[in-house]
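Below, chain A partners chain B and then partners chain C, in two separate complexes.
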Partner chain A sequence: MLVHSRKGKWTAWVLFLVLFLPLFALPLLVILAASFATNWSSVLPSGFTTGHYDAATRGEALQALTTSLVTALTASLLAMAVGTWAALAASGLKRRQRRFLDALFVLPVAVPSVVVGLAILVAFSKPPLLLNGTRSIVILAHAVLVTAFAYQSVSAAIARLDPAYEQAAASLGARPSYVLWRVKLPLLLPSLTAAGGLCFALSMGELSATMMLYPPDWTPLPVLIYAATDRGALFAGSALAVVLMTATLIALLAVSRVRSKASYR
Partner chain B sequence: MTEVARRPRVSRGWSRPRGGSRKSSTAPRPWLAALPPVVLLALVFLYPLALVVQQSFQPDTGGTSLQPYSDVLGSEAFREALWTTVWLAVGATVGCLVLGFVLALIIAFVPFPGARSVARFIDVFLSFPSFLITLALLFIYGTVGMANGLWTDVTGAADGPFRFLTTPWGVLLAEVTYFTPFVVRPLLAAFSQLDTAQLEVAAGLGARPARIIRTVILPEALPALAAGGSLVLVLCLNEFGIVLFTGAKGVTTLPMLVYSKAILESDYPGACVVAVVNVLISVGLYGLYRVVSRRAGA
Partner chain C sequence: MSSGIRFDSVTVAYDGNVVLDALDLTVEPGEVMALLGPSGSGKTTALRAVAGFVRPVSGRVYLGERDVTELPPHRRGIGMVVQQYALFPHMRVEDNVAFGLKARKVAKSEIRARVAEALEMTGMAAYARRHPRELSGGQQQRVAIARALAIRPGVLLLDEPLSALDAQLRSGMLAELARLHRELPDVSILYVTHDQVEALTLADRIAVMDRARLQDCGTPHQLYRAPRTEFTASFVGNANLLPVTVGEGGVSFGGREVEVGTAGIACGAQATLCVRPHLVGLGSGPNQLAGTVDEIQWRGATHRLYVDVDGHRLMADLRELKAPPAHGDAVTLHFAPEDAVLLPAGGGHD
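For the complex of A and B:
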């Protein structure tokens, strides 16, 4: 307890509310309110409508949502596979080799996403691998970007893992592959699903690299939101943004349920 | 993690370390298992980056030269974008550090009902894309938004005073809002390890809250502040969504310049030059962040 007097506490709390509400809570509320409105020229929006949601859940918008979901799911599965493999392999390495692998796999965080997009565009617009204009190039870029997060979360979880379990299994004669499948991966499952959820959320909202290389027939939701706001359709854009946030939240919630179920073991 | 890693080194002078023998028993050549993911990453990430560097030396006129570099580095647009990027990133980082420190201080040391759900809200906030903040700011401070609407309603004026959204200040506000949670999270983790008895003792000896913060809490929080701050600095240097959604012609940052050169002007060598500069700055700073955060144990 830092402040003991009643007055001091209330001052701190009021300060917190004054900073927190307008900066963090208001933006999300404003987007929600705007998605039901047609006009906002006063303190509160006016012209209640659900029309934006009708538009946001069919046709082009629905296709964009499916595109985003498919992209995010594929990219996070790919990233989780590669990231988990690398993290597991790194945990068996010597200190210096592991440092090298750490640095290598977190590099995509440090490189601007726009540059990752540009690099993939440059590399895969010419033979031997011609991916430009296909949906795989978008999925590939997303996978590269979120692999770093997958690797970081999984290797942090491996570091927290109690080595006694695998040692016990190995001392009882279990082969390394058996230890991996029946001991290590089940113990890591909660962290793996959490990391997968993070990857999914990041991929759902990815805009920078996507802007560099999306083909016209594979437009993810963030690009559509940008297109809407760019032509001045702010209220329709908000409805799309709410759809995006809801889809992300549902995925995160589903993943956290897996986590709590597994932790009973 | 560092403890586990250090153990074999301490015992190296003695008999064979137990940790080492356990590792080698699981696989004869552990680096062989690491090879497939590394090769994959090299193919889809390092090789493309290398091509970007290569293309930055190949002007459209053909051949290999430093022409793209002298063109881009000499241009007014590039120097302005570089300056805007740097001062926006530094400004946003300072803003995030101050704001994040105050918020984390209250959440951790002046707890209120619901403080835990606020911490969880911050986690959720981090999983949303950054451009949503700019979209929201358009409704709050935009030309026909909430704040200007309030002003015109109260004063009866034709239009309101808030028109900073299309200036760098709008980007700064959005970046501070979006990236502050990146500072709050490590700070909360650091504060949870602080022994509250120290604060009680300091208070019992008559220290006022400001002095406790300065002499007890701040030294404890410095590593987390350094780690969070340098991460935010790198992320701000790389931020694209916020700047794109601001839609102002007057605010051009390096990532924005990469996008406009490559996609809008189809000037790939120029875009690659800007990309190389941006990568050098960001990766250099990120390396610094890794060193700082490893020291901080975060």
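For the complex of A and C:
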């Protein structure tokens, strides 16, 4: 550790808690408290109820959660497939071409997601590719937004991969596709699952592009939360938010279990 | 399958920077050839050109009669072992060894037999179910060799295979490699190393490389006893190199007449006299040279003397002395005429 003295360590901890608690932990605790309340006019919320959760885990809300999960899963799988493929292809390119590809994949992150949403809306509102009003346009938009992260994480992992493995495999007579499936991808697996988890979490929380694109029968949970707070139902919205948070955390925990099983170093 | 390797004027360059300059070299079927040289001498590049990981800008590489210059690595049928082993960390030892056979779609029953055979040969049969991370460096090295041998290559490439091991393990592995080669007499081995002991111990012939060029090539005995260049003389074993002028039936070194064979070098020419430190004796004898002791090192069984003779530093390795001289003492060194070799001046340093 950087700080050695006992007093210094204590100071560092106090500083950390003072900065961390109000910024990161407290707002989340407030939401948790609000989700059980019917009234919040004094310092603490009052009127304890679990009614918001009853509403948040059935009917429209349950369907929104399923929609979010399906969207996030499909979008991150798509993004991982495209991002990994692109990153593998980029690693074989010359420096300048690779820079160009890097820049291309950073675009969806650099451009505000509202703009990405609008662009997709405009682009796919006319035949021959008429996707407006379908579920797939939401999934497509999410995939476009998170592919950048998939590409970047996988690129970084490939750059760290020792070329000696690939060369040893080739010298043993393995054709490039065999090397990819039996050596490179298994060695990249821990990074791939980490990148997939990140994509999933980002997609679960996506709102701004989704708002412009979602059809009535495909309402993801963040849209429902936004609608609830918009009409003043803060406590119901908080319960929905806690459900969203919990679902995402459970999914990420599951992914991290896969990851620790897959890592061998 | 015996094949041998032939480099036909192979040149490799990166961005116009020549790292291997027109290498001509033949490794006979069943021969162990060591590529010996300092780092940056082009020896590893030569090995990688055989493996197919670098592409020559000109020249051809042959395995047996086959021109493999244009072939991708996986179609060359060579076994290769690198310094860091590159065992696949996600596979067990047996799967590592089976990898090349599975990639070639060898029948399952045969794979099992050949994996067992390769592990048996390298003494790793008991470790088949382990993962590489559970093995020591020496064991990983054996697995890497077993993996390369399992595909029954005609040519085995070893790239500094022992340099990650400590000194004691290294001499054990040297003996192992020599035994393996006796068991597989048809396999040609190209052995890249910067360690002259490894090269002298294992190789049938040594190719000495420096600055992208082949400097010298011969049996260990030839290179040690009668090096052709100053570089070979100093890189293969230690050597005292003295500038001399060739005269009738001998040479002169700083005005002293020294008796040595002058075959092939014209009278009056400048040349370099090469004497191995362990062939230099203390006291009077033929070819006496007087000087003062610069430094003396006790090395257990021997004393190493550094003696200043007219501004030239001579090394002498002597059996442990009962009464060693001290720094600044005047001493006389001598060597037998037949123990010295005369090299053309500046040979190898063009």
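What we mean here is this: the second predicted complex is superposed on the first by the 248 of 265 C-alpha atoms of A that agree within 3 Å, B and C clash if a C-alpha of one lies under 4 Å from a C-alpha of the other, contacts with A are read in each partner's own complex, and residues count from 1 in each chain.
Here is the rule we use: contacts are C-beta pairs under 8 Å (C-beta built on N, C-alpha and C of every residue); 3 or more make two chains touch, one makes a residue touch a chain.
What you see is a predicted model; the values in this text were computed from it and never measured.
When both complexes are overlaid on chain A, the residue A:Gln167 reaches chain B and chain C alike.
When the shared chain is aligned, chain B comes close enough to touch A:Phe16, but chain C does not.
After overlaying the two complexes on the shared chain, residue contacts for A:Pro176 are found with chain B and with chain C alike. Looking at the shared chain after the overlay, A:Pro186 reaches chain C, while chain B stays out of its contact range. Once the two complexes are laid over each other on the shared chain, residue contacts for A:Glu206 go to chain B alone; chain C is not touched. Touch criterion met: A:Phe124 reaches chain B, while chain C stays clear of it. On chain A, the patch touched by chain B and the patch touched by chain C overlap at residues 167, 170, 176, 179.
Per the touch definition, chain A reaches chain C in the complex via residues 162, 164-165, 167-176, 178-179, 182-183, 186-187, 264-265. Of all the residues in chain C, the ones that touch chain A in their complex are 51-53, 72-80, 82, 84, 86-90, 99-100, 103-104, 131, 133, 147-148, 151, 157.
In the complex of the two chains, the chain A residues touching chain B come out as 1-4, 8-9, 12-13, 15-16, 19-20, 23-28, 30-31, 33-34, 40-45, 82-83, 85-86, 88-90, 92-95, 97-98, 101, 103-116, 118-124, 140, 143-144, 147, 156, 159, 163, 167, 170, 176, 179, 198, 201-202, 204-208, 211-212, 222, 225-226, 229-230, 234, 237-238, 241, 244-245, 248-249, 252. Of all residues in chain B, only 1, 4-5, 8-9, 22-23, 25-27, 30-31, 33-34, 36-38, 40-41, 44-45, 47-49, 51-52, 55, 99, 102-103, 105-107, 109-110, 112, 118, 121-122, 124-125, 127-133, 135-140, 144-146, 149-150, 152-153, 176-177, 180-181, 196, 199-200, 203, 209, 212-213, 217, 234, 237-238, 240-241, 244-245, 247, 254-255, 258-259, 262-263, 268, 271-272, 275, 278-279, 282-283, 285-287, 290 touch chain A in the complex they form.
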